Amino acid sequence: MSQTIQTAVVGVTGYAGAELARLLVRHPRLRAKVPVFAGRVEAVDQERGGIPLGEIHPELTDSHGTGSLRLQSFSWELIDDLDVDVLFMATPHEWSRQAVPEARKRGIRVIDLSGAWRLEQAEHRAVYKFDDEGSTAALEMQSEAVYGMPELHREEIREAGLVANPGCYATSVILALKPLLAAELIDTGHGIVCDSKSGVSGAGKAATAKTHFMHAANNLSAYGVFTHRHTGELLEQLGVASEDLTFTPHLLPIPRGILSTIYVRFHEAQSNASIEACYRRFYHESPMVRLFGSTLPEIQFSVRTCYSDIGFHLSNDGRRAVIVSCLDNLLKGAAGQAVQNLNVMQGWGEAEGLE
Amino acid sequence: MSQTIQTAVVGVTGYAGAELARLLVRHPRLRAKVPVFAGRVEAVDQERGGIPLGEIHPELTDSHGTGSLRLQSFSWELIDDLDVDVLFMATPHEWSRQAVPEARKRGIRVIDLSGAWRLEQAEHRAVYKFDDEGSTAALEMQSEAVYGMPELHREEIREAGLVANPGCYATSVILALKPLLAAELIDTGHGIVCDSKSGVSGAGKAATAKTHFMHAANNLSAYGVFTHRHTGELLEQLGVASEDLTFTPHLLPIPRGILSTIYVRFHEAQSNASIEACYRRFYHESPMVRLFGSTLPEIQFSVRTCYSDIGFHLSNDGRRAVIVSCLDNLLKGAAGQAVQNLNVMQGWGEAEGLE
Amino acid sequence: MSQTIQTAVVGVTGYAGAELARLLVRHPRLRAKVPVFAGRVEAVDQERGGIPLGEIHPELTDSHGTGSLRLQSFSWELIDDLDVDVLFMATPHEWSRQAVPEARKRGIRVIDLSGAWRLEQAEHRAVYKFDDEGSTAALEMQSEAVYGMPELHREEIREAGLVANPGCYATSVILALKPLLAAELIDTGHGIVCDSKSGVSGAGKAATAKTHFMHAANNLSAYGVFTHRHTGELLEQLGVASEDLTFTPHLLPIPRGILSTIYVRFHEAQSNASIEACYRRFYHESPMVRLFGSTLPEIQFSVRTCYSDIGFHLSNDGRRAVIVSCLDNLLKGAAGQAVQNLNVMQGWGEAEGLE
Amino acid sequence: MSQTIQTAVVGVTGYAGAELARLLVRHPRLRAKVPVFAGRVEAVDQERGGIPLGEIHPELTDSHGTGSLRLQSFSWELIDDLDVDVLFMATPHEWSRQAVPEARKRGIRVIDLSGAWRLEQAEHRAVYKFDDEGSTAALEMQSEAVYGMPELHREEIREAGLVANPGCYATSVILALKPLLAAELIDTGHGIVCDSKSGVSGAGKAATAKTHFMHAANNLSAYGVFTHRHTGELLEQLGVASEDLTFTPHLLPIPRGILSTIYVRFHEAQSNASIEACYRRFYHESPMVRLFGSTLPEIQFSVRTCYSDIGFHLSNDGRRAVIVSCLDNLLKGAAGQAVQNLNVMQGWGEAEGLE
């Protein structure tokens, strides 16, 4: 059967890469072992045939079937030898800018978890300061990329050679707003506010002053106000003007999970039923979105799941809504969505291996 | 000297009452011991001359000079015997509705920490469902009450017989917005969004499903959307129409602290300098407000202090601002502000005993 | 095939019962839905055909296949109608004392998660103050019970009618000590110290002063010193005299997980190799024990797994050892071990449904 | 009056140094400002007359009177110019080994918070691998040092030129055991177990894999088993043989606080009264020790205080005790004890500035 494909993951030393390895080895369609690679050659001692993954992520021992995975140094020779069909890149965006074209040349389909290929507009890409920005090769590669949110781009993902897996914050905001914007219910000129809060895993595995327990615990801080990199994704995917959307991320004193509180005003008064119907219509074929109606989701409900949870409340006059959107930043916000994209690309059930 | 006054606190079993006792016994102007009372007669075993406060709040042992305080059953006879000048009430609002008029009859000045007397408009009071709502006596008492935020009502507080100490969320939002609204910089018609997050002590000392460690830890949840009781305070003190302000509180997995992220749009483009000047002008005589300018305060900075911290960022075009306002919900949000009010009422330095 | 058995769970409103439901619906041998029951009749509104489990445990939505489970009122009629083969009881011990004999009369095999039937000696049972203590019926039932730790009693469990699932603390201590005691390496006369620390879920779902976030967070406290109920299990299963073992539990500010630090002295000097060999010999057929050797396990490694992790360090002279034993109190310490017992009783792979 | 002395602190960038600055500026005997220094010259940008302390420790703003402190580069010229009487060193032990002799040459009294001068026996010092170990100068300096625990060495501290401030773990264990050992109640041959748990501030301000929020939160781990540096202090100060005391530190998922659970066996049966009397006798002139009797202290009670809290439980036969000892690792475990030593050295009230 053509179903048995060969996947591989580059960048397994980080949190998202580790979750990806965990999901892939348990995936019912991927019976073969999943080769996993460090993002940087020098990190790996090859002598033992690769470092057992459990030495880097002690929580990924045999309990998840990941006990036998061994982290290897990345090389294109190895990728060629393995005859990889789909390559996941959980690597820094600079790395992905270089490596993705290399993979595409080899005909390998890529699901890239970095911000390297998500943005269509040069103005939004500017925050990344890519070395190759504006080069013909980069622009061509960008034009091939599909924004990897199946709920919005299922058809293009099916055929895509390069899937740019969305940012975690962006996923939580876009899924909450897109149905209402698509139905033209929101008065965007009135301004949309997206107040997002994320657990510390979103800040990455590097030990910094910000991720030190003494700073993060018992604290809350806003950051990247008016400047966060995910803003471009919001504007492009939602089709909203820059001055009409304000996005503020915050660092929560918890390991994982994102809750976005989103404020909109409607052109006309809405009812709970009309808004719920709007969401249900948009997501009736989307198994990874759970609609809570006027019950509000909490961060705990989606943590360690691959779901995105959405609920809302309306003001008495039906003119304003507060929408609450929750997900696990490492799963629906990263690795879970990447596997969901794989499922779409392969024509498998969209939720396979994600429940 | 007339400076030595007699104070007493009712409702010391709760968090705010305990902080109040702690602040008062260390206050340089209050050399005498501060009598402390339970809010409910039945809670107290009188046989030992009152329960040592450390048995109810183990953290309030001798380390804070509170070691010798003993919780007594409340009675007006005792209050009369003590010749109390200023009575603090850290009691449920129903209790304050009954007890405040009683105290005022005796000529005692009252600083009430509940929501009983904060709201001028019947429509806003409706959420409290007061038994005596609309009675002549209650309306008269209400008209005597001064909203106890010295930064806004210093002069009235000086002479007040009844000070209604503000809500914790309300304090964090009002202090951030009032200077900009007073200067008529904000386009209120465009909508103001107040996204507030509070530690668990704000939910009170009662053991409930919501305050259970298993629910609160590693979680974040929004609640009281469009319906929270502090909304009326915001609207009245800020003079904004109900449809122009949206306030959403959230429960943070930390013991104490509030951070409010506030979103406004200006009539005209502003600069960092113009906004900072506006704040400095408004607060130049207010020692309990710390202005951070375009550095953003974090929740940790104000926790266990009596300060309110305010910072902001402007959008590139100067038309939008994100304001971050932090305070300790039990201090500047409750007990600290109550002592600040006492200082104003007595003509003492406003920050005495608060640093 | 005789493999398809009917199970049911009573007491699903608590944490252990919920985990049990989650494990059972995913168990590869139990294709049929698992009926789940409240422990107390009055808790359930039957009108909707039972309360969706997700309303009581919001984290147990469809993500775990538990979305369709509905909590029903318990009755023996229903149990009879369902033709239950194996009944799990995650109920208070008083309830289990009454209900287990009733189930056994019906020929149903029972796995009881309470402390009702774990203790052989009346002196150890005394802490529970059972109503029927000393009655002939109770003594007979007790003599039928098998202590449900497969690593120690695999053969008896296979045939057991009543399996008394061990306490969470007891599991963490017994698994760490039994191999060394069985090999007669430990000088028990010198005293064994078991210093255990547990997450808050161990204190149960009831909202109390102890489980209030404000008390549990940022704190650590010892409790039940010399009196904790699990002490009897330790003494009976380890065959150690009461004066030779001291066990102290502590409440950790985390949701789940137990770490026990255990101190022993050996008759003769040991080496890392000799101790590791002792453990490996004892557990070579036990898939749910992971041996870490002289690397020490941390609480995070076993949380959300059904494993028990054991590591140790020796003093320079090889005469003393510090053993560190970790597990998830709700899984290997409760629900996971219960399913492991089911696997043994049915002759299935011991780790089925637990990885 | 000779009371006004000049102090200075080196190493204020760390947690203990910052607490020290906070305590000293509020100390009633030290009206002059306290100069504070970085431990390493290169860390400081001198152009602004030193870095405002609040930029390094944002929690140390004006709320603590520390707002005007400015971190300066350390130099002996500055120390000479300031005419420093007592120098606090909150610096790494290597630094203290070099700098303390320099200070003593100048006739400056030193309170050193590092492990540089705490240990009398070369065998215990070996873990530090001092460069100058065994040199005559170092041995002479060591012989001058007094172990800075006023409860044990009050008289020597009074006259000391060099006070070696104890380790945080060591303080919590020694204070709990010394009275019982001095009274010869404990059967040391039976073994003493000290199971200690500390908050993350004990691991220092450096951002490492161990202090990363993702590792420390929701976790507990043992470390330094049989090898922790504080073991030597325990053995020397308690006069117990190495093979009779086992000490295991653990990393708690909280910012600050230590709880030590200590297990002893008595020569003869004891009563609650006899043990309590033993402690009261030993500590009747020690204001910084709070005796809880058979109530057990919790970590929260002493956090943010300069007290050490001690409670205990006896086994039924009175032959064994479990002692629980709590303190704040940065206060009684470091900066608070340093100020207590200053008080003793100056002949001031031992608790001045510590309540």
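Each chain carries a letter (A, B, C and D) given by its place in the written order, and its residues are counted from 1.
As a working rule, a residue touches a chain if its C-beta (ideal position, glycine included) is under 8 Å from a C-beta of that chain, and two chains touch if they have at least 3 such contacts.
Please read these numbers as outputs of a predicted model, since none were measured by experiment.
S.K.: Could you see whether A-D or B-D has the larger number of C-beta contact pairs?
M.R.: Between the chain pairs A-D and B-D, A-D carries more contacts.
S.K.: Which one of the chains is farthest from subunit A, going by Cα centres?
M.R.: D
S.K.: Whole-Å distance, subunit A centre to subunit B centre, using C-alpha means?
M.R.: One centre to the other, that is 41 Å.
S.K.: How many angstrom between the C-alpha centroids of subunit D and subunit A?
M.R.: 47
S.K.: CA centre of subunit B versus CA centre of subunit D: separation in Å?
M.R.: Taking the mean C-alpha position of each chain, the two centres sit 38 Å apart.
S.K.: Touching two or more other chains, which residues of subunit B qualify?
M.R.: Within subunit B, the residues that touch at least two other chains are 218, 253-255, 298, 300.
S.K.: Could you pull out which subunit D residues touch subunit B in their complex?
M.R.: 58-59, 61-65, 218, 290, 298, 300-301, 304-307, 355
S.K.: Per the contact definition, I'd like the list of subunit B residues that touch subunit A in the complex.
M.R.: Per the stated touch rule, the residues are 190-191, 193, 195, 197, 215, 218-223, 225-226, 243, 246, 248, 250, 252-255, 257, 259, 261, 263, 265, 296, 298-300, 303, 313-317, 319-320, 322, 324.
S.K.: Of all residues in subunit D, which touch subunit A in the complex?
M.R.: 15, 200-201, 205, 207-209, 211-214, 216-218, 253-255
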